[in-house]
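The same chain A turns up in both complexes below, where it pairs with chain B and then with chain C.
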Partner chain A sequence: MHRETVENVAFRAGYLAILTFMLLPLAVVVATSFEASGQLLFPPENYSLVHYRTFFEETTWLSAFDNSLLVGTGTTVVATTLGVTAAFGHELDDGRTGQLLAPLVLVPLLIPPIILGISMRVYFVRAGLNASFLSIILAHTLWATPLVYFVMRSVFSRFDWQLLDAAKDLGAGPIQSFAYAVLPNVKHGIFVGALLAFIVSLQEFVMALFLSSHSTETIPVVAWTALRQSLDPMVSVVSTFLILISIVAIVAATVATNLEWLSKQLS
Partner chain B sequence: MSEITLDGLAKRYGEELAVEDVSVTIDDGELLCLLGPSGSGKSTTLRMLAGLETPTDGEIRIDDEDVTDRPAYERTTATVFQDWALFPHKSVLENVAFGLKMQGVGKEERRERAREMLERVRMTDHADDDPMNLSGGQKQRVALARSLAVNPDVLLLDEPLSNLDKRLSEDMQIELREIHAELEETFVHVTHDQDEAFTLADRIGIMADGNLVQVGEPNEVYQNPKNRFIEGFLGDTNFVEGVVDRTSPDAVRVETELGREVVVPTSNPDALDAGDAVSLSLRPEALSIESADAGLEADEAGQPVRTDGSTTNSVVGTVESVLYRGSTVRYSVAVEGTSVFAERTVSDSGEFETGDEIRISWDGADVLAFRDDGSRVDL
Partner chain C sequence: MSGTHSSLPAPIARVWEPLRERSRSKRALLLMAPLLVFELLLFVAPFLILLRISLTSGSQDLRYAAGTWSLEGYAEVLSSGVLQDAILYSFKLGLIATGITVSIAVFYAYAIWRAEGAIKSALLFSVILPLLTTLVVKTYAFRPLLSPTGTVNDLLLSLNLVSEPIQFVPGTIGVIVGQVYIVLPYAVLAIYSVLSTMDWGIVEAARDLGASRPRSVLEIVVPQAMPGIIVATVISFAWSVGAYAAPGLLASQRVPFAIEVEKRLLSNLQWEIATAYAVIMLLLMAASIGVLTVTLNRFGGEFEYA
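Here is the complex of A and B:
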């Protein structure tokens, strides 16, 4: 074998090992959810779906799922709208305001979530929005918007701006030219940005803990409460569902972004 | 009727001056070529005409209506872009129909009109194709059809031929001329290619450093360049530097780097004074070459002035290199340490080789003279 081939194989093997090592805890979590007893054991001694049945019987968990989906969807809509339009505006006008925008958008990501959570709780109580879904959505939006913004910056940097000129030149106003010339060419990027926003919201715990009430608790908050009481396989069941949602979302994104490519290959 | 007036048009990007002062009136139905090297401000001028850039200063009027602050989508101009800017997610037909869709034309009608346009540019067969799969020439035709479909008062062309190969570009030039003749619309065409400008234009506007330096018919611009920049830009020429030795009522005698005096006939002897620095332009088409031992006896005393008033000048030099350029052969000739080039067509009798001594001669009346600051001397 060539030296290069050997090096390649070695590199790939090493890479695979690291990846496996990092993903193994996920496997452990999924496995422990099938334990029949009330204890968290790995490997499970007796396999059973008993905790899955309990999950579907417990309203706390089910309503937490609903809450998480609601907050996630809300965050996705608001953060994607803000992030996409901000990145678009920045591309059109790269003046002094634009140069200030990027670091400014980044600020929420640099502040520890616990600080954000406490200060937002104080703020929302004053604003009369305490313990509402809206307060959690706005908090998550603060985190998700920068991510969408930076994804879109990179998407727009590859966009052919002459297309926007061409659309305007042919009589398309600001909204029409965006809808007809820009949107169809960046829709994959927007989808990826939206997905990121959704996943961030789905996983976020600290701010949600400060801002939720009993009726607005999201999955991580309920999981935290349950964990504090006892370490049982129910937490693993919930985690398994969270992992599943993330995988489904990523697969959906991959399919969506490659659908055109796929249809071209098939035709 | 679409007469366009540009009045003191200027565009600044921060500190950078893209267009300094452009004022011109473009007649209705005229094809004006803005010709200039890259960075001369010609594309920026066109984009201001289209409404895609807002002028920092000055005014644009179309048919006496001030459109300076009107956005692109409210102007009756249509642009063919350099990279054609076809919408990648739309079919060729949808691309052509886009402008009509924006005008609110119904689906059936706009499809029909788009088809007519595709027919005009002979692209009907590609109506349902993905524009990304077309060749450069085909994209160019679709872009043209798309712009013409909105029936613009003014068609703006931003170097649309510069990405095509020479042959295709020349074919398109002829086609553009035909379309222009047929439509009788006002066209403004931006290019850096002199041949393209001369082929297409009713009038040429030459731009340099953000200024419109000279506007005129191709012939006039070529015969009467306003300054040294234009003379150098419009075609290859030999610039010979010199100093005026003396002037007489009918001729200026210039001591040049060719090692001898060059006599230029003049009817305006006051235009130059002895001691003035001048550059003389010896265009290759004005130069004739022959073997050094044939023809005129070298007149060491000075250049002879013929009885009919024309002046024949000649110098002798050594052929440095021979360059075959298709139908012409270019000789680079060393004369007294400087180099002069002359051309002859392949069919001309006699061929020279590197090292041959040849005599280059020209009629003094064909020489253009420029002052130190680049301005033309009115001889």
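Here is the complex of A and C:
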């Protein structure tokens, strides 16, 4: 065979193998949720929806879903507000405060969540916020804000600032000019940032594990506790729902922007 | 607006004034202030408290003896074989997982960059979907796949590649596979975002000048993608060294730092040891990330982006 053909075949086989590796565990999760028996088998031997029925009857999972939704919404609101205002401020003036802000926001992402979890647990016990929803929301905000902040920095850097000056020249106040000149141009970016914040909160579990009590457990925390005891198809059912939510989020973000832009923002 | 700062409490005014002098506009500072305050309250302050507790002495009936000063925690970490063993194991996992992750990520990011249309979308989708799926879910799926009675072993046995099932899970191989799976999407995207700004013409020029395709990638693409590779390495390393989920679900007897520190904090209630342990770990991590970054920077130095 010609050398180029061999290279082409090897190249294609390489990336298809990685593609399989990336999607296989998710396929296992979805497939095992349809297993009829109480064991986690792949591929399943008998298919049934029995675990889906149990899911809707079990209050532990449903209340965990509510908790996750509450924490996710709280995180989205706080992280988006903090991230958007700070990115906007940084864009207006990249003086030394701005240079201080970027690394300060970034560093928590590199510290093992277990250490953040420990330090916040100690901190919240002292502050009397232990095991409240607020403590989990604040912890998740620490991780979600950098994403919103960097997405918004890149959005604002493409924004035409003359529009803001024009709005001011025409007599608009600061809030009015932001609402009418800036917001319509950056709303897709804000939407994607908010979506990322929500997903980060929905999926995070190490900090949540350290900060939650029985009544504030989120889905990943319940799933983790369940998994440490036994491998149960119920976890697959819950995970299938989580994967579905992620797919919906990707589609929504793709409609708002496009897949390539989204990929660049996530890094 | 001038009236507001005179009414500020004295400690706040002390912090505010120097910040205000350094910024060109007060409005910009006001917009950045909420995030700054948030980071100080929820990141810097808890961390300082952690540092303070690591300097207290142990207590029989409490988690730590408040108000005391002592280096007992650090002495315990430096003399305990179990604790040091866990750190060594963490760094071993971190280095292996990072090496594998970054090599695969360079290749995959390159494939995405060169792909077009539906294939490109499929490859990007395969990166983003696992990225947005919780660690817990991603990791436990490897148990039915890699256990001695699992799918991979069935396949190996039926192909007669092995005579007995291999125990990947629970074990170190399982932890590494799981950890690579967790960090790979981030690494791929970090490299891809740099590649996508690169000019394909340079690679073509190298090939016209007679470079083979693997050589053109190694000598042109990799150095140019170095800023992305550095980010990918730092992220993979930091997250693998501190990994909690993959070892928690897939490890056997040997446990890394994250599991050990949790044990000291929750089961043994030795907060001064747990916090000292965390501080030492962070220092070691910061040092190794520094070394990694400097080393990698040398390879990409000539092509540094502005």
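Rule of thumb we're sticking to: the second predicted complex is superposed on the first by the 238 of 267 C-alpha atoms of A that agree within 3 Å, B and C clash if a C-alpha of one lies under 4 Å from a C-alpha of the other, contacts with A are read in each partner's own complex, and residues count from 1 in each chain.
Assume a residue touches a chain if its C-beta (ideal position, glycine included) is under 8 Å from a C-beta of that chain, and two chains touch if they have at least 3 such contacts.
Bear in mind that the values here come from a model prediction, so they are computed numbers and not experimental data.
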Q: Have a look at where A:162 lands relative to chain B and chain C in the superposition and call it first, second, both or neither.
A: first
Q: Would you sort A:40 into first (chain B), second (chain C), both or neither based on which partner it touches?
A: second
Q. Which holds for A:25: it touches chain B only (first), chain C only (second), both, or neither?
A. second
Q.
As a test of reading the superposition: which chain, chain B or chain C, is in touch with more residues of chain A?
A. C
Q.
In the overlaid three-chain picture, which partner chain does A:184 touch, first (chain B) or second (chain C), both, or neither?
A. first
Q: For A:123, select first, second, both or neither according to whether it touches chain B, chain C, the two together, or no partner.
A: second
Q) Does the superposition put A:172 against chain B (first), chain C (second), both, or neither? A) first
Q. Residues of chain C touching chain A in their complex?
A. 19, 22-25, 27-36, 38-39, 42-47, 49-50, 53, 104, 107-108, 111, 115, 121-138, 140-145, 150-151, 181, 184-186, 189-190, 192-193, 196, 213-214, 228, 231, 234-235, 238-239, 241-245, 248-249, 257-258, 261-262, 265, 271, 274-275, 278, 281-282, 285, 289
Q) Considering the complex alone, what residue numbers of chain B touch chain A? A) 50-52, 71-73, 77-79, 81, 83, 85-89, 98-99, 102-103, 146-147, 150
Q. Okay, in this complex, where on chain A does chain C touch?
A. 4, 7, 11, 14-15, 18-19, 21-26, 28-29, 32, 40-43, 81-83, 85-86, 88-90, 92-93, 95-98, 101, 104-105, 107-108, 110-116, 118-120, 122-123, 126, 138-139, 141-142, 145, 149, 174, 199, 202-206, 219-220, 223-224, 227-228, 231, 235, 239, 242-243, 246-247, 249-250, 259-260, 262-264, 266-267
Q | Residues on chain A engaged by chain B in the complex (per definition of touch) | A | 160, 162-163, 165-173, 176-177, 180-181, 184-185
